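Below is the structure I would like to discuss, written out as structure tokens.
Chain IDs A, B, C and D follow the sequence of writing; residue 1 opens each chain.
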Amino acid sequence: MLKGFTAPRSPLGAAALVPPPPWHFAGDVLAVEFWNDPDLSAHILPMGVELDKKRLGHSVALFTDYQFTGQNDEYLDPARYQSRSFSVLLDAMWKGKEIAWCPYCYADNDAALMRGWIQGYPKKFGAVHQTRTFPTSSPASAQLAQDTRFSACMSAHGLLLAKARVTLREKAERLVGVLDRRIVGRRYFPRLSAGLHDKPAVDELVRGILDHLLVTNIWIGKGELSFPEAYGEELEVLGPLKVGRGYRFSFSYSVNDIEILADLTVPDHG
Amino acid sequence: MLKGFTAPRSPLGAAALVPPPPWHFAGDVLAVEFWNDPDLSAHILPMGVELDKKRLGHSVALFTDYQFTGQNDEYLDPARYQSRSFSVLLDAMWKGKEIAWCPYCYADNDAALMRGWIQGYPKKFGAVHQTRTFPTSSPASAQLAQDTRFSACMSAHGLLLAKARVTLREKAERLVGVLDRRIVGRRYFPRLSAGLHDKPAVDELVRGILDHLLVTNIWIGKGELSFPEAYGEELEVLGPLKVGRGYRFSFSYSVNDIEILADLTVPDHG
Amino acid sequence: MLKGFTAPRSPLGAAALVPPPPWHFAGDVLAVEFWNDPDLSAHILPMGVELDKKRLGHSVALFTDYQFTGQNDEYLDPARYQSRSFSVLLDAMWKGKEIAWCPYCYADNDAALMRGWIQGYPKKFGAVHQTRTFPTSSPASAQLAQDTRFSACMSAHGLLLAKARVTLREKAERLVGVLDRRIVGRRYFPRLSAGLHDKPAVDELVRGILDHLLVTNIWIGKGELSFPEAYGEELEVLGPLKVGRGYRFSFSYSVNDIEILADLTVPDHG
Amino acid sequence: MLKGFTAPRSPLGAAALVPPPPWHFAGDVLAVEFWNDPDLSAHILPMGVELDKKRLGHSVALFTDYQFTGQNDEYLDPARYQSRSFSVLLDAMWKGKEIAWCPYCYADNDAALMRGWIQGYPKKFGAVHQTRTFPTSSPASAQLAQDTRFSACMSAHGLLLAKARVTLREKAERLVGVLDRRIVGRRYFPRLSAGLHDKPAVDELVRGILDHLLVTNIWIGKGELSFPEAYGEELEVLGPLKVGRGYRFSFSYSVNDIEILADLTVPDHG
């Protein structure tokens, strides 16, 4: 009897790339809000999802540095289960409801890649870095204080894809304008059978369910952001026409479920 | 209209992690045949697959160093599309037919990881290395000649999982005992919906179809192989009781199709 | 006029691998004290350095996760200047003074490697990881609290070289038994000229000078530590016969100077 | 008695980052000749080295994929001793003799980094890739034949620094215009003692001695090359105004000695 939430399934279930949910995450985020060109960003949306007309092109780029654990003390296996990721979220609408559409996502770890695909986040491998804060005061430690600057960057296969800076202005009680919409992604697993390469085995529009979301140490400030052009990527098409606020905060949440909005393999999926 | 064989689907289809088939592969292989304990290796087989009673426990470990291309000159993008991989193949039977079952597979590249999952190979991230040969004669270049030694190793997340050595004995015209069975794997994509974590969306037993398989520069010799024990892995359970021949050869093949043997999500999948 | 504290020296001095001192460091440390076999560890000492007879074999292993900056906002370039490192310090004596001898050191970053060699720490490339704490309470975040466990590991070229765990017991005001001796290393730069391969151009015994050392959030607990055997390494020779306390703390310090204890290229260097 | 050609020196000498010479190298090279702006490239030369007035600004960029061995079968330890590197060589003169000055050099391996510094090549960490050829004919394998294209790239810390393509035109018997001058570099090891940061302990102009140089499978064709601008690097200053031939060849050589041209720590080093 083989065990495992994902392949490779094995006698003990210890070899699986991803342990079974619930999954727990805790980390630090550097985020920048921006506006891209809605004439371009409209084309990144799947059927049934539309731009949010009240906030045309409003998006956020998130750089996340986090630790993961399942039920088996995975946080004590930091080489396998820490990860740094980058994602873009675009303000959109699904059947009249505000959502955040996730067109692109990158992470530096194989388990994170697979968790992403299972959650509908289309992760590719990316090297992600962000300035850190440490408890001692030092020129080497960015303090959570007014005017402190934090930088972040993301590269894939040696190409710089995203670069950000946030200059802190003030501490905030609540996170407004980022992570206040449910994230919608697309679970997609293709067929390899000849003639069926464009008929995926799985093609579902899904809405994430974050349990026990905690956000703390919220600082808001001035954001800077750019998406350099890179061969083999289309992230730059969503690049900022205008950049807004920057955010720096810490978070934790858990994932045990997902909401399936539509099965896109069915012609009339509405 | 979004395009792409895999996610992320994008307006131009250039962002997809994996380009559409046909896929072409060319590379070098170091392989070692071995016998593991059939009482243990029988437990790595999915329902319907059995050990080959004529060759109980006979397996092969392959270390592959290869270049990939699709239809868009991906071989000119070596940072993205070269890969090194490791896999274990176990002699088995499916409905009376000889097959090679692939329980574990590792690769060092995100596109390779996803191609593997699509083909039913349960890839995880691994760093794979093998001794190389170069056209000039030098102590630094392993020549394809009698008594030359080649080494290979595979590590994941800093843990050594496999180590091999092959001492060349003689050139061979044909590859016997390795890659002479069709490889069977399992396409597996889980559900995240609460209550359905053990009901995968995709669970198919599949048999690979290799087009235009060419094998050349075949050398056969003495093999050495070990699978050190490592936390979070079960590869060592399949470790060698006895080691046989070693192989070193170059290959190319293409993939455009896969044969679905059974849909394991259906109770009576036979 | 070429500029740069290290090579490559360039017109603007921006290309140098390491910027000029003062250097500032801030980070988190997981440390474990242990005792190795003094009959073995005595052999890792250079001429003139002796084991501390009051604490024969007493050593500490440190896993450090830190950010670096020089005078040019290097902390805003996290891809280049964050680093994780591992080092062993052995209680020893130099001319009657208590010192901590650094026989082995690993880091995951090229600038860290070179800074190490310049400071007399014999750094090699290693992948170092440790469990992290984050400000939100979550199963994924190790809280600084009694009974919390933190793990750390270090691998080089896919071989696990060190593994540690610390179970926190109590908060402490001061760090006792670790980092309370000045660290002594050896600046060593060989000659390549034929016949002079064993006559280094630089061979200095040096004592580190840490300015503005701050240590905070000190927790002391139970340590676990092992140095698995690995081909091409000798760290395991210094492995623990007995393991003592574990430590988890945050730090910052600066480096602008070094004390040269002896020029070992001179025969009578005393 | 501690042993080792480099630090870390250890009882057995097995821990040293770099084994003692002679060193042997074998590999494949993709190279592109180009001309940069002599008004700019003149500023990358150390005192005493001048541009070659007959070939002002003529340079070559080399991408190398190679295996290393010392006297201890290091080629059987491919995870540690294979490396890919990138270097720029600029046609220059030293006291009336034609030389190739090496201003910048990158490699993907710690032992390669240190060997470089010892040889006077100012190596930093870079990820280097080039299209490969394999013995079987396949769309995935670039054959050594007319009109075949090979690509190469080099990135450091996620920033693309160099990109090249060579389209093969014809096989050649001899390599002309590349590697036909002795390479001159600078061995440089700084002091950390306060007040002496600009007084290096080692600052030598050195000329490389390549023993048993073999070059084979030489193909010459059309080159393409660019050095994208990148923060923290100055390579782009040497970027091509004009690009010439491209080369693809295999090589081997050994290193056991170096010629010291001048001690630059001595004021009148002539």
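Operating definition for what follows: contacts are C-beta pairs under 8 Å (C-beta built on N, C-alpha and C of every residue); 3 or more make two chains touch, one makes a residue touch a chain.
The structure presented is a predicted model; accordingly, all values stated were derived computationally and were not measured.
J.: Moving step by step between touching chains, how few steps can get you from chain A to chain D?
T.: Counted as steps through touching chains, the separation is 1.
J.: Touching chain B and chain C alike: which chains?
T.: Where chain B and chain C share a partner, that partner set is A, D.
J.: Work out the mean Cα position per chain and let me know which chain is farthest from chain B.
T.: Between chain B and every other chain, the largest centroid distance is to C.
J.: Compare the two sides of the chain C and chain D interface and say whether they are made mostly of the same residue numbers, over half shared, or of different ones.
T.: Chain C vs chain D: same; shared/all numbers exceeds half.
J.: For chain C versus chain D, what separation do you get between their C-alpha means, in angstrom?
T.: Chain centres of chain C and chain D, defined by C-alpha means, are spaced 30 Å apart.
J.: In angstrom, rounded to a whole number, how far apart do the mean CA points of chain B and chain D lie?
T.: Distance between chain centres: 35 Å.
J.: If I count partner chains per residue in chain D, which residues reach a count of at least 2?
T.: Residues 77, 79, 127, 129, 153, 155, 157-158 of chain D touch two or more partner chains.
J.: In the complex of these two chains, what residues of chain C are touching chain B?
T.: Residues of chain C touching chain B: 127, 129, 153-155, 157-160.
J.: Considering the complex alone, what residue numbers of chain D touch chain C?
T.: On the chain D side, the touching residues are 2, 5-12, 14-15, 17, 20-21, 43-44, 46, 77, 79-80, 103-105, 109-110, 113, 117-119, 122, 124-125, 157-158, 186-190, 192-194, 197-198, 201-202, 206, 231-235, 237, 255-258, 260.
J.: For the complex, which residues does chain B have touching chain D?
T.: Listed in rising order, the residues are 24-28, 66-69, 73, 75-79, 82, 127, 129-132, 134-142, 149-153, 155, 165, 212, 214-217, 250-254.
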